[in-house]
Every structure is written in C-alpha cells, then in structure tokens.
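What follows is subunit A paired twice: with subunit B in the first complex and subunit C in the second.
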Partner chain A sequence: MFLHYLQLGLASLRRNPLLTALMVMSIGVGVAASMVTYAVFRVVSSDPIPQKSSRLFVPQLDNRGPRYNRNGEPPDALTYTDAMALMQARRAPRQTMLYQVGLSVMPQQPGRLPFKALGYATFADFFPMFEVPFLYGRGWNADGDDARAPVVVIGRQLNQRLFGGADSVGRTVVMDDQAYRVAGVIDDWNPQPRFFDMFSSNGYADPPQIFVPFNFAVAAGIETYGNNSCGSGGKRGSDRESWLRGECVWVSPWVELDDAAQVQGYRSFLEGYARRLREAGRFGWAPNVRLRDVRQWLDYRGAVPPESRIALAVAIGFFIICLVNTIGLLLAKFLRRAPEIGVRRALGASRRHIYLQFLAEAGMVGLAGGALGVLLTGVGMFGIGLVFQPQIACLAHLDLRLVALSLAVAIAATVLAAFYPTWRAAQVQPAWQLKSN
Partner chain B sequence: MLKMTHLSKVYRTEVVETYALRDFNINVKEGEFVAVTGPSGSGKTTFLTIAGLLETFTGGHYHLDGIEVSQLNDNARSKIRNEKIGFIFQAFNLIPDLNVYDNVEVPLRYRGMKAAERKQRIMDALERVGLASRAKHYPAELSGGQQQRVAIARALAGSPRLLLADEPTGNLDTQMARGVMELLEEIHREGATIVMVTHDPELAARAQRNVHIIDGQVVDLAEEPRFHAHNARVADA
Partner chain C sequence: MDMQVGPILSALRRHKAGAVLIALQIALTLAILCNALFIVHQRLSHLSEPTGLDEANIFVIQNEWVGKASYAQLDAEARADLEVLRRLPGVADVTTSNSYPLRGAGWDDGIRLHPDQLTDTTGATVYFADEHFVRTLGLKLVAGRDFRAGDIGVMAAQDRLDPSQVIVTRALADTLFHGDTAVGRTLYLAGSPATIVGVVDRLQAQSVARWAADFAHRVVIVPRRLTSTLGTYYIVRTHPGQLAAAMRAAPAALVARNPRRMFDPRMGVLSFAQVRERAYESDRGMATLMGVISAVLLAITAAGIVGVTSFRVGQRRRQIGVRRALGATRHDIVRYFLVENLLVSGSGILLGVLLALAMNLWLILRFGMQGLSPAYLAAGVAVLLLLGQAAALAPALRASRVPPVEATRAG
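So, the complex of A and B:
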C-alpha cells in the first residue's frame, strides 16, 4: 500500500510542476545552506582523537598569580622549568612536552634550495600517546630522549620530497646545518583541530613534517617557532639561559591518565607541586592548577570559530523559513484536493490512510529537495572560502555521510512540516465535501 | 439491513440549534429498493450521509447490518463504509486525475485486496456497466452518463450489502437517466439493497417503497396534505 501512496504522490507532484518546483527549491536551498555550514562546523567541533580524548590531559599551572593571570585562569603553556619538573616527576603513565620548531631543510639533491619544515620538539611518549601512525620505522624511545640524540621523525610529504617516498629510516636529513638520522616516517596525520598544540596554532594548519627530541632541541639551542608568552609580570631575562629559567611560558604539556584515580592523583600532585613552589617563595599565591581533557581543552581554547556557530545558526534559521514556506505550499496543495479526500473517505479511507498518503507525498518532495540540496551543497563547497578562513574552509568536504544526512534531513523536515497540512487534510468532512459537490 | 430509531441530528452554533433530523425512524430490509423523497432542506441528504457513516448523529440508534454504529471509531466506520456500503452521488465524484480503472480500484485498495482479485473485480464491474473498453480513459473524456456508470461500477466492485444513491440521475439528461435507472433496477433484481434519495417522483415510483421526509422526520404520506398538494402539481404539469 505504501508503494501505492508513493505512486499517487509522484503523480500528484507531476500534475503541479510549478508548485512542486517551488517546494523542492525551497527545501533544496534550505538544506544546502544548512549542510554547507554544517560541513564546516562538524570539522571544527569534532573530537580529533575520540578513542582516547577522555584520557589525555593538559596540566596547567598558574605561575603569574591573580594580578597577572587572565580571569583567574593559569597560562595555556608551561615554563621550561615547570615542564622539566613535571617530566622528571613521571607521575603519569605517559607524558610529553612539546614546542613548535621550524628548521631549514637542506635537500640532498644538488642544486635544490633549502626550504623550511615545521614541526615539534617533543618527547618519545608523544607518538604512542597520540597514536601517530607510522609508514616506516617508529619514534625514538626514552633512551633517545635522555641521550639527546640527533634523530628525526619526518612526515610523509617531507619523505616524498626528500626521498621520493622510499623507506628512509636510517638515512640522514640535514636541518639548520645539523645532520639527523631518520628514525621513522609518519603516515598522513593531521588531527583537526590540532588539539595538542592550541597554544601556538589556531588548531588548523598543514601536517607537521618534523619531530625532534625535546632535550636535544633545547641543548642545540633550537628556539620555539611558536608562541612565547611572558605575560605582563613575566621575567624575560637578557640571555637564553635566563629565558629558559625565567617565567615565560612556551612549552605545551600533555599527560595520559587511564582512570579517575590517576586523574585525581595527578591533580593532587600538581597542587602539591604548586604548594611547594609557594613555600619556596617562587609563587606568592595559593595553588591554582587545572587538568583538562581534550574536549574540555578545546572548549576552553575556543576551537570552534565563532563565525562557524553564527553561520550554522543563520543557515538553520533560513532552513526553518524555507520549511514554513513549504508548509504554506503544502497546505494550499492538500486543501485544494479536499474533494478527492472526501471521495476517498467515503470509499473507505480512514484518517490514517489519508495521513499516510499525504505524508508519503511530502516525503517525495523532501527526497527531491534533498537531492537538489546535495547538488547545491556540492556547489556551495566552492564558496565556503568566502565565509571562513581558507585553512578551515579547505577541510569541509561533501562525503557520503553528508549526502545521506542531507537526504535524511530533507525528508524528515519535510514530513514534519507536512504534519499540519496533512492533519488539516485528514479533517476534511466527507459529508460536507460530497454535499457541496 | 438499515434501522434508525428516534435518531436525531442537530447542528449547533453559539446562538441556534438546527434539527436536520428529529425523531427519525426508518427500517430498510435486506433486498429492498427504497426511494427517499422530500422537499429541499428536508433532511434527505443528511439521512443518506448518516446512513453511509459519513457523518455522526446526535441522538437515537442506528443499526447497520445488525451493528450499532454510534460507538464505532473512525477506523471501524471506514472499514464498514469500505466493505458494506456502495455510494452513488449526483455529481459522480470520480477522481479526475485517475483513469476509469484506477477510480474503480480506489475502494478495493483500502480493502487490502490482492492485485489479481482487484483486476478481476474491476473488469467485471466495468463489463457490467458496459465500459470495459474505456478502462484507460479519464473522467473528463467521458459523457455524464458514462461517468455515472463508472461511479456505479466503483460502488459495485466491492460487492456492497447496501447501495446508497443520492440523486443518481440529477445531473443527467432523460435518456442517460433512464439508462442509469435501468442499471439500478437490474442491480436490485440481483439482490442488492438500495436506498435512493431523489426529487423525481417518476423515479421514486420505480422503487419498491417510498419514504417521504419533511422537516427531518419520516411522514406517513397518506396523512400529509403537502404531499397531496405536491402530487397534484406534478399531475397538473
């Protein structure tokens, strides 16, 4: 019977091509506007590491005090001193520190010019903590951290550029006049937003191409290529050593904690550490620490750009207006068929039959609107860059999930919008209709 | 087959109550051909729509084929309409967007009948009214008489126990009206129960029994002076 309703719906839509086109366009445009903005929103609001985002934490420590901190919040990074203290305490099953580096890579082929490669100085736990996929080799181990060995993990793109994509483990890369042995090559990996470095990036950037041991980088004098915040009361120092020992923050810390007990234990450790620093006279205020997991960290850092939320809200509002318009058109279309409804009721159609027939027809409008919406969404992807930052706009894409979602939203919304017109249609009194005929 | 006792139908507004039927009593036996007559506004069509379960009533009792229908919900009323009642309307009431075949199929669809049986019944019904060759035509391509025959085929296809006809020849010329009336008589001879509302005393005379309605009540024709006056006018004409 449902197939019959679909046939009736299709025939009915064909009979009024102009009205049908208006409804389909209304739904299609509304769906497309919503889906284009949603495509951006889902990228910027998605969990970049869902399998363990609740086990990865950013420890924060207030080294500025209530006078200089921002709304009572500790800085978003650590000083070198505190970073090293947390690493040496080893209170988490895994922990890493990182800061951004930018090194000049010298190509091995003669005649090629050096180029800049961006990445991170970090610790060995970085790779297993963030589940970095390797194409060849692996990251260095804890001994490599301690030995301050000149090793490097390179990205797939850099490996392609330097070695033509071959297994380059054990080969040498020269960066800033320093030869590094390649320990591993990572596969395509660029979590969006880049949760592990919200301090120095806005969360959206090209994949990092180099990873070098933190201790080696500091010892080699490789300075941060990212942010360095000394705050209003921070002591910068006049030379590198005093900068390292000073109160400027530039190191992003991460710890992996497997359960609530470990989280509580680590928070206590942080508070204890801050208390000891107060007792030692470095901090003149009560311990002020934070321990945020990935989702909390992204929320706190405002990883979702405000323009994305606004655009989505505007698009949904526009879609609702389109649906209201569709309700009006469906109402006109359905009530014009009151005589037919009267006849059908007289011949044995219950109100349920009328509901099913007209909702099926509305569903077909929704399906056609959804199909148009998918087409317009595809076109709209080219125009995203006009509204959003290019590095965010390029992440949005039309995939099967979005196609399915567009169709589902269009059908569901249209059927929902059709409830009132259908209800009105089902209330048609057959006796009155037949008498008036 | 159809029994109404002390039935009333009241249309209420904030300021006035209008009785369309008042203390209405009728009993139509199975196999009867009853003509219902009466002046305009007397309640004939209201009686027919209530008899056909297209409208509810305000008071009294109505038994259709032994079932008291006043407490039935919409689904049950629709099911009875679909399975036991056939309608023939003055305005034919075919669905203009469906061809003849599909129009006749409408009530059978709601019965959940299988396609092969539907086809058999539709073609039998169309053969019976002499329109099998017009199965693919649309109502607009048929004459008024042909459209009414399609409507009769639609009513017959479901093999209803009761056929309700509201001025079935009202929109037809004399020749077409005669053809439709002969068809109804033939259907009656085959055992159908028919209740026909008509203004036309000539048609009414062809039924087995006449019921006259005045001011929403069935009246005894022998005691109703207005009936005699009306008949006299017809005779004079």
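So, the complex of A and C:
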C-alpha cells in the first residue's frame, strides 16, 4: 500500500513540474549549504584523540600574576624553568614537554638542495602518550632523554624524500650541520586539530616531520620555531642564558593521568609547586593553576575557527528558511488538490490514508531534494578552499556518512514540513468538494 | 489610496496559513540577509585598507639559513645579501626586517609612557629596521627624521630590546600624545626608554586578525637588525615595471653568492600583491560565502512568495470574479493583492527586524562582532519590501485577468 502511495506521489510531482522543481531546489540548496558547512565543522570540532582525550592534560601555571595575566587565566605555555621542574618531579605516570623546531635538512645525495623540516623537540613519553604510529623502529627511550644523543624520529614524508621510503632506522640525517641517528620512522600522523600544540599553531598544519630530544635541542641552542610570549611584567633576560631562566613562556607541557585520584593528586602537586614559588619569592600571588584535558583545552584555545561556527549557523538558518518555503509550497500544492481529496474521502479513504498518501508524496520531494543536495554538496566541497585555510579545507570531504546524512536530513525535514499541509489536506470535507465542480 | 484595509484583513484572517508562512519566511530572510551583508561589509571594508607601503613595487624574500652559524656570521651574511640585491637591475632599495605588514605574525610588545607605570598604555607592533627601511617601504615621514646608518645596531631575538631611538606611526603617536608633538618625546618599550626621532604617516601591523584590530596601525620601528638562526626577511622595492624581473633574478643571485640557504617553495618569494591576497584569503572567502547565501536566499524567498500568492489567487478566483462582476476594475484587483502582500510582508519585516537584532546580538556576544549598522537594517527592509511586491506582482496580474463570468461558476 505504501508503495502505491509513493507511486501516487511521484505521479503527482510530475503533474506540477514548476512547483515541484521549486520545492526540490529549495530543499536541495538548503541541505547542501548545511552539509558543506557541517563537513567543515565536523572536522574542526572533532576529538583528535578520542580514546585518550580524557586522560591527557595540560598543566598551566600563572607566572604573571593578577596584574598581567589575561582575564585571570595563566599563560598557555610554561617557562623553561617550570617545564624542567615538572619533568623532574615526575608526578604523572607519563609527561612530556615540547616546542616547535625547524631545521635545515641536507640530503646526502650530491646535487640535491637543502630544505626545511618542521617538527618538535620533545621527551620520550611523547610517542606512547599520543599513540604515535611507527612504521619502522620506535621513539627513543627515557635514557635517550638524558643522554643528549643526537637521535631523530622522522615522518613518513621525510623518510620518503631522504631514503625512498626504506627502513632508515640507524641511518644518519644531517640537520643544521649536525648528524642525527634515525631512531624511528612514524606513519602518517597528523591529529586535527593539533591539540598538543595549540600554543604555537592554530591547530591545522602539515604533518610534523622531525622529533628530536628536548634536552639535546636546548643544549644545542636550537631556537623555537613557534611562539615566545613574555607578557608585559616579567623578567625577559638579556641574552639566551638569562632568557632561558626568565619569565617568557614557550614550552607546551602535557601529562597523562589515568584516573580522578591522579588528576586530583597532580592538581595539588601543581598548587604546592606554585605555593613554594611564592614562599621562595618568585610569585607574589596565590597559586593560580589549571589542569585542562584535551577537550577543555581545545575549547579554551578556540580550536573551532569563528568562520566555521558563523558559516554553520547561517547555513542552518538558511535551511530553516528553505523549509518554511517548502511548507508554503506544499500547502499550495496539497490544497489545490482539494477536489481529488474529496473524491478519495468519499470513496472510503480514511484520514489516515490521506495522511499516508501526502506524507509519502512529501517524502518523495525530500528524496529528490536530498539527491540534489548531495550533488550540490559535492560541488560545494570544491568551494570550501575559498572560505577556509587549505589545511582545513583538505580535511573536509564528502564521505558515505555525509551522503546518508544529507538524504536523511532532507527526507526527515521535508516530511516534518509536510505535517501541517497534510493536516490541512486531511481536513478537507468530502461533501463540500463533491457539491462544487 | 482609497483602498479599504478592513476587508483585506478579514480575508487574511480566513486564510491565515499562507500569510503566516510568507511573513515568517520574510522575517527569517531579513534576519539572515542583514547579518550576512553586514559580515560581507566588515570583511571587505579592511580588504582595501592601505598598508602605507608602495605595494605595487615591493616583494619579500623569506631567507632561511642552512646549518648553524654565529650571530655575527649571520649578520655579515645578511649584509652581503643586501648588497647583492641592491646591485640587481631594476631594484630601487632593499631592507631587512623580522616581519612586514600583513605577514600574520611577528613581534608585538607593550608601550608605556613612564618607567614606573604598572600596565601598558597600548600594545604595538615592533618592526626591526635598518637605515633603508623607511625608504624601501615607501613610507611617508611626516615629522622628524629617518634613521641614519650610525643608529643601527644588531641583536639576537633573546637579547634585550633597548633601542635609544625609535620611529613611530602617526596612529601610535596620537594614541600616546593625543595630537601633541611626538618627536623628541620618550616612550618605554619593553621597559627601556627610547626617544622618538621620527613619525611616519601610516604603516600597518603584521596581523589583520580581529584581536589585533585595536592596534592595527600602532607601530614602533626600532633601529636594529634582528639576527636569527631561523632566517630573515629581505624587503625589496623595484623601479616601476621591474617587479617580475627582479623577483625572478633575486633568489638566483642570492644562491650564487652563497648556496647555503633555502627559500620555501610556497612562501619563499612573494610579491606584495600575493602577501595581501594571502592575508585576506579567509575574509574574501567569508564574504563570497555570505554573498552567495544572500543571493540564493533572496531567490528562494521570491520563488516562495510567487508560489504561495499564486495559490491564494487560485483559491479566490470566484471571489475575484464576483468583485469584477460588481464593478471592480482590473486595477483594483492588482492593488488588492499588492496591498495584501504589503500587509503580510510588513508584519514579516517587523518580526524580521527583531530577529536580525537578536542574531546580531548573538554574533556580538559569541564572536565579538560589531553592532549591526542601521543602514544595513534599512537596506534589508527596503530590499525585502521591493522583492515581496515584485514577486506578488505576477500572480496579482494573473488575478486581474480573472473574468467576471467566474462569479457564475460553481466553486
């Protein structure tokens, strides 16, 4: 029976091609606008490390005090001094510090030009903490942190460029005139947003290609390729040594804590640390610390660009207008068929049958609109690059889930929009219609 | 107009649904349209903001060093590079700096007027400069003097920033001294006193982000070459018409002097036009998106009004026939439907103004956008009124062609 209604609906749609086209287009562009902007939003608001995001935390420490901090919040990174203190305290099962580095890579083959490779100086725990997938070898171990041995973990792209993709563990890479031994090669790995470095990046960048031991990098004088924020009150120093010991923040800290007790424990440790610094005279204010997990951190750092939220909001508003438009057009279409309804009712069709028939017809409109919507979404995907930065735009894509969602949203929304017109259609009095005409 | 509104209202009361839907659609359209166009305006308005540079003749080289050298070596290398660039045909002047306008990131710092002041008077962009900076960029010196070769010092990023002399922009001078003479006065940059020796008319900051909008033109130029192992920027001004040729020749000439350097394939050598394009990419994209949405929105709303008004006309063919039979002219019928549409869209617009303001409030609270300017609201209202009337015109004309004989038909 329902199939019969679908056929009836299809026939009816063909009878009024202009009105039908208007409705289908209305639903189609509405769905497409929403889906294109949603495809971007889905990327920028996604959890980059869902299996662990509630166990990874950023400790923050206010070294600026109430006068110079921003809205009472501690800075978004640590000073070198505090970073080292937290590493040495080892109060979490795992902890790491990191800062951006950019080194010149000198290919061994003669005649090839040097190029820049970007990545991080970090500690051994980085790789297990963030579940970095390895293609060959592995990260350096805790001894490697302190050995200050020049080892490097390289990315898949760099390995391809330097070694043609072969297992390069144990081979040598020359960067900034320094030979590094390859400890491991990581597979394609580029969590988006780049939660672990929201201090120096806006969360979207090409995959990092080099990782070197933190202590080695600092000792070798490798400058940060990322941000350095000194605030307007603190001591900055007057050369590299005094800058390292000063109050400029540039190191991003991470700790892994497995349960609520550990989180509580770490928070009290941080407060205790800040209190001791106050007693020692470095801080002139009460402890002001934060311990945010991945999601809180991304939210706090504004990982979702305002463009994305505004575009999504406007697109949804646009879709609502398209739906209101569809309600009006369906109403016009259904009530124009009052005589037909009258005849059907007089011949024994119950109100329920009228409901089913017209909702089925609306469903067909929704399906057609959804199909058009999927098509337009596909076209719109090419336009994403116009609005969002390339690193974000290339992440948004039309997958099966989005296609299914487009169709489902189109059909559900159209059927929902059809309730009122259908109700009106079902109210048609058969007697009236039979009397006239 | 001697049209009686009473009958129209009572007719509307009998056929509420269509009217309410049109009004609602107009209200929502107005709300989105005003805000979308306002976003377009805001994004586009600073797109054409001048940086103060001679943009047509400037290009920028991002020079990254290979290997590790001492700061003294790096500075010597940079100076040798500047000489090479200066000798290239078509090149007018060359300077080196840590950054340039619209680059996106660089050095910002706090400015104070007194040494014992606790908080900054304002934030400002800091550009490092040599004695060629002002001339190369084509800045207009409106007071005081340019740097001399003897003023220029050398520093590394982590050294103390303590220039004894600075040049500031007029915008920064006005913020600090409210129109008084700035030359000869002292400001405190990162805690160190510096005397203002010159004022330039205009020079934009490196960031066009909204958080930096407050000090977009507050700039302090310090007489220092910043040496960094990360590299440096060479800003080149060419003679008119020589830009493309010089852009091609420059990297080759630098590599010929010393090959131990890298130019990023995407960012290494950029004309200022490219710099500008990159800086405002997302603004232009957002404006395009909002523009497209507005256009499609208007088309959809117009189509909806045509559809529903046609239906309302069809519903009342007999009523129209009766009126025509009773002596109403075709003109009267057209006017009837237009006035009816005006009443419906008018109420929609009233609601729409409220919705537009509410949406704007959300944008202000959530994204720190500015308040919707009344001009945009007025323009939106006008556009939708005209659109509504234009869309209703065709069905109204069709209604006027209903023959009086329709009154005699059953229905």
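The working rule: the second predicted complex is superposed on the first by the 436 of 437 C-alpha atoms of A that agree within 3 Å, B and C clash if a C-alpha of one lies under 4 Å from a C-alpha of the other, contacts with A are read in each partner's own complex, and residues count from 1 in each chain.
Note that a contact is a pair of C-beta atoms (placed from the backbone, for glycine too) under 8 Å apart; a residue touches a chain by one contact, two chains touch by 3 or more.
Keep in mind the model is a prediction, meaning the values are calculated, not measured.
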item: Combined model on subunit A: subunit C and subunit B, fit or clash; value: fit
item: Partner, of subunit C and subunit B, that touches more residues belonging to subunit A; value: C
item: Which of subunit B and subunit C A:Gln109 touches, first, second, both or neither; value: neither
item: Which of subunit B and subunit C A:Gln88 touches, first, second, both or neither; value: neither
item: Three-chain overlay, vertex subunit A: subunit B-subunit C angle, C-alpha, nearest 10 degrees; value: 90
item: Partner chain in contact with A:Gln51 - subunit B first, subunit C second, else both or neither; value: neither
item: Partner chain(s) touched by A:Val387 [first = subunit B, second = subunit C, both, neither]; value: second
item: Which superposed partner A:Ala431 touches (first subunit B, second subunit C, both, neither); value: first
item: Touching partner for A:Ile320 - first (subunit B), second (subunit C), both, neither; value: second
item: First (subunit B), second (subunit C), both or neither touched by A:Val343; value: first
item: CA minimum distance (subunit B, subunit C), superposed complexes, angstrom; value: 13
item: Set intersection of subunit A contacts, subunit C complex versus subunit B complex; value: 435, 437
item: Interface residues, subunit B side, partner subunit A - complex; value: 45, 49, 52, 54-55, 74-75, 78-79, 81-83, 87, 89-91, 93-95, 97, 106-107, 109-112, 154, 158, 166
item: Touch list for subunit A against partner subunit B, complex; value: 1, 4, 11-12, 15, 339-340, 342-353, 429-431, 434-435, 437
item: Of subunit C, residues touching subunit A in the complex; value: 17-18, 21-22, 24-25, 28-29, 31-32, 35-36, 39, 64-68, 109-110, 118-120, 156-160, 190, 228-230, 260, 262, 264, 281-282, 284-286, 288-290, 293, 296-297, 300-301, 303-304, 307-308, 310-311, 314-315, 359, 362-363, 366-367, 410-411
item: Subunit A residues within the subunit C interface of the complex; value: 19, 22, 25-26, 29, 33, 67-68, 102, 104, 106, 113-116, 176-178, 221-223, 225, 228, 230, 232, 236-240, 243, 306-307, 309-311, 313-315, 317-318, 320-322, 324-325, 327-329, 331-332, 335-336, 383, 385-389, 420, 424, 435-437
